[in-house]
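I've put the structures underneath this note.
Both complexes below contain chain A, partnered by chain B and then by chain C.
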Partner chain A sequence: MPADVVVIGAGVVGAATAWYATRAGLSVTVVDRGPVAGGTTGAGEGNILVSDKPPGAELDLAMLSSRLWRELGTEVGGFEYDAKGGLVVASAADGVAALSGLAAEQAKAGVDTVVVPAGDLAEHEPHLNPELAGGVLYPQDAQVQPMLAAARLLRSARRSGATVHTGVEVTGFLRSGGQVTGVRTSTGDLPAGAVVNAAGTWGGEIASLAGVEVPVLPRRGFILVTEPLPRLIRHKVYAAEYVSDVASDDAALQTSPVVEGTRAGTVLIGASRERVGYDRTLSVRVLRALAAQAVELFPVLAGVQVIRAYRGFRPYCPDHLPVIGPDPRAPGLFHACGHEGAGIGLAAATGLLIAELIDGQQPSLDVAPFRPERFR
Partner chain B sequence: MVTSPSDGTPPAGRAMETYDVAVVGGGPAGLAAASAALATGARVVLVDAGRQPGGQYWRHPIGDLGAVADLHHDLATFRRLVAGASAAVRLFGHQAWTVEPAERGFLVRAVADGMERAVPARVLVLAPGGYDRQVPFRGWDLPGVYTAGGAQALLKGHQVVAGRRVVVGGTGPFLLPVAAGLAVRGASVAGVFEANAPAGWLRRAGSVLPVAGKLTEGAGYAAALARHRVPYRSRRAIVAAHGAESLTAVTVARLDARWRVLPGSERIVECDTAAVGWGFTPQLELPLALGCATRVDVDGSLVVAVDDLQRTSVPGVYVAGEACGIGGAPLAVAEGEIAGRAAANAATAANAAGQPAVVVPSRLRRRRRALRRFAAAMHEVHPVRDGWQTWLGEDTLVCRCEEVTAGEVRAAVDELGATDARTAKLLSRAGMGWCQGRVCGYATACVAAGSGRPVEADLRGVAERPIAAPITLSALANPEGAPRQQ
Partner chain C sequence: MSHTFDFDGRAIPFTTGQSVGAALVAAGIRAWRTTRREGRPRGIFCGIGVCFDCLVEVDGVPNQRACLVPAAADMIVRRQEGAGRGHLAV
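And then the complex of A and B:
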């Protein structure tokens, strides 16, 4: 019997889609050519951020997702959901003014913001560089362990009847007339009422198998991991430039400091962005920049050992918005990819919206800004 | 012999010339490579984390080999190699944290005294050696439980006898020198418990005879054990350690062919120290960082694939010694000599094609072949059977740094859908702590594979560490020669 839904991708977006679709009563099969959370999901910090998004469609999506993750943290759990809050800091007065301006706009869209003058920074983060000029606190920013989040959502979906096939590669689509009616895989055909492209950075390749174009490309990032420490850093702390780096169209390397502690005691240090294809080579230049910026933000880290570094490939689209919704060029195909560096955070809302659309419900949010055929 | 760390070290703070050959690792393979490369006239730099040459095998207190000479084997070779390598620029106390391709070859990036320094070379010989392969058992995290290599290092490096009453266990010929060394230095060795039945040696005499030196070595240790009345028992293993604060006893049990405990065979042996070894794990961070192709060796270890000139799949990168297959010091020396000659030839030959066939004498090739066969025979009689997993409770720690139990690793596979060792690691945090899986990587891969054997991809998944050694953020941020930022 055909499944109601085949989800391509066992990363966090595929897992959330499977979870919400299963909850809606649909029969779901998930396929991934690799293991669970083997792509970009396993290479990020697990951010659930509202702080880094100016008002607009993506912030609306992030606000919805932030609420859904909080629910999932209780309903599913087991993935270290931590409402730690985000603290964005600036080193000079004009930076603080810009931050406060953005915060005021975000507040109108429903984001909780607290402007923190320089003198109060230490109260929130005792080890911050005392020369910083001020910042904004975002209590809604949270973090999860992203691989566990994907694995736990999939396990929960499996217990409700979903099927997960890892190590199975999608090689093509089943068609009936113009309609997508399932996928061909390395181990046989999987007919389905609807197919969801949740292949992340590889979403463009899946789309092209269906004969449609979705411009998702890799944007490489490195993360440094320190030795386990007593809790030195309470929030996700990042510099104001991070917001402009995220939105940048420059292919060249950008780095801005993003520093946070984890429950395991390690401190994660990002963030770099560069468009170099799928080059997995360790870049010493990038690691140096990350290290220097982290020490600038938190001088206490100077003598701390880095024990690991890893890289991942963010799936970015030219307008930095994800691709979410049905593809009118290939009826039966839905896309849920291209979330760039916000995939963990936006996964819950993406999964919910896709499940609602497939199930024929009114989506909780207008997905028009994310429509797959918007690129010309 | 002069082994002071500053000897041969160029002054800090100056841009370094590009060497013909950089040898990373100052153990048997690295010393042999440096010595052989120098003999051809190449300019050689030797980089090692230790303060003096010798590696683990010829480990000794700073500047003083005499005090531990009786614990060592083949010191004549060591002295010959150190003399041969003395013309190299020697960077001891330099821990390589990464190697990367550069415009004219490679850069070895090493940390010394809290500062990073880049060493440029046309060609690389990597001789990183290996360390104890560990298998968890109940109580193995108690103070007093050492690896066999750890107990040996204390003895050779610091003249410290690990304990008063010692039990030695595991598998492999290395247990003999460890037990003999401890006994000779006054420990009461309550027994050597070899999980296999090495009588199998005799059936493989064909592979062993060409390297009779190895046999005499073994006979010497056996004699020392007999002299100190140390019992040697095969098909037995230390399957649990006991003690409240520290080790007070171990359970030793007889094993069946798959290494499951024979019921009723358990015996408590009182001791304050256990030295346990299950063979060795090659140290592969640097070759893997460069993308060298690997293979799984006879002993189940992930090793670098090399050709008969010790060339890896990456042009200009040679690997010698344990990293291309655990085989002991004599094999490492033979491989190092071949690698050193071939690397120097490749670095200095005006003829780009080189003439590799003539740079390695056939006696050296024959010697390596014979020693490789010996190593394979040794591995065949000392396998690690998967039955050790039946000794574990669900609550037995597999990863000590992150305190991850066998049950948690199994749950990552059974419940969370991990289908490979890397995913099991990331979902359970086994191998994510201080040691980055150096201790528990092999065991995690085995537990994740269940009754199956970990495949190459599993072993790679727990062996890749792009940061080969910890480096402080300030050293990373401020390399030597760059303007200071803080």
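And then the complex of A and C:
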């Protein structure tokens, strides 16, 4: 019997889609050519941020997702959901002014913001460089362990009847006329009422198997991991430049310090972005830049050892918005990919919206800004 | 001439080339770290630098592998609790 929904991708977006679709009463099958969270998700930090988005469609999506993740943290749990809050800092007065301006705009869109003068920074983050000029605190920013989040959501969905096939590669689509009616895989055909492309960085390749173009491309990012430490850093702390780096169209390397502690005790240090295709070569130059910037933000880290680094590919689209919704060029196919570095955070809302659309409900948010056919 | 290093105020003898961990075990000390979550005792396990069980503070730097650090005269070695940087916690 065909499933109501086949989800391509067992990362966090596919997992959230499977979870919400199952909750809506749909029968769901998830396929991934690798393991759970083995691609885009496993290379992320697990950020659920509203702080780094100016008012607009993506912030609306992030606000919805932030609320949903909080619910999932209770309803599903087991993935280190931590409502730690974010602290964005600037090193000079003009940076503080720009941050405060952005915060005022975000506040109008419903984001909680607290402007923190230089003298009060230490109260929030005692180890911060005392020479910083000020910052803005975002209490709604949170973090999850992304691989656990994908795994727990999938486990919960399976308990409600969903099926998960890992190590199964999608090789093509089943069609009936123009309609997408399922997928071909390395282990056989999976007929379905609807197919969801949640393939992250590889979403463009899945789309091309269906004969449609979705311009998702990889942007490489490295993250350093320190030895386990007692809690040194309370929030996700990052420099104001991060916001402009994310929005940048420059292909060259960009690094801006993003530093946060985790439940496990390790401190994660990001973030770099560069467009080098799918090149996984370790770059000492990038790692060195990340370490130096982190020490500038938190001088205490100078005496701490880094024990490993990991890297992955953030799936970006030319307009830096994700691709969410039905594809009118291939009826039956829904896209849920291209979230760039915000995929963990935006996964919950993406999953809910896709489930609502497939189920024929009015979506909780207008998905028109994310429509797959918007590129030309 | 025999050499010693200081371990929590006690003089521990060692021979040239011996590791801190080997010298501690030879002196009858089998545990010098407690685990981060449950405070359980740890000392040499693998002895070859792989398992990170034998972490110890050497000359003020925590998380040194006692099995790899060569003992040196006048070294100050301290037991390590948890991550070894508890004084930095906020």
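Quick note on the criterion: the second predicted complex is superposed on the first by the 376 of 376 C-alpha atoms of A that agree within 3 Å, B and C clash if a C-alpha of one lies under 4 Å from a C-alpha of the other, contacts with A are read in each partner's own complex, and residues count from 1 in each chain.
Following the convention adopted for this analysis, a residue touches a chain if its C-beta (ideal position, glycine included) is under 8 Å from a C-beta of that chain, and two chains touch if they have at least 3 such contacts.
Quick caveat, the model's predicted, so the values are computed rather than measured.
In the superposition on chain A, contact of A:H127 is made with chain C only, not with chain B. Judged by the touch definition given at the top, the superposed model places A:P299 against chain B, while chain C stays out of reach. More chain A residues lie in contact with B than with the other chain of the pair chain B and chain C. Residue contacts after overlaying the shared chain place A:G360 against neither chain B nor chain C. Contacts of A:E227 after superposition: both chain B and chain C are touched.
By the touch criterion defined above, A:G177 lies against neither chain B nor chain C after alignment on the C-alpha atoms of chain A. Of the two partner chains placed by superposition, A:G119 touches none, neither chain B nor chain C. With both structures placed on the common chain, the touch criterion links A:R308 to chain B but leaves chain C unconnected. Touching of chain A by both chain B and chain C, each in its own complex, is seen for residues 227-228, 303-305. Residues 98, 100, 109, 289, 401-402, 412, 415-420, 422-423, 426-427, 429, 432-434, 436, 465-467, 470-474, 476-479, 485-486 of chain B touch chain A in their complex. Within the complex formed with chain C, the chain A residues making contact are 125-127, 227-234, 265, 300, 303-305.
Of all residues in chain A, only 10, 35-38, 42, 147-148, 151-152, 154-155, 158, 164, 166-167, 224, 226-228, 264, 269, 281-282, 284, 287-288, 291-292, 294-296, 299, 301-310 touch chain B in the complex they form.
Touching chain A in their complex are the following residues of chain C: 36, 61, 63, 82-83, 85-86, 88-90.
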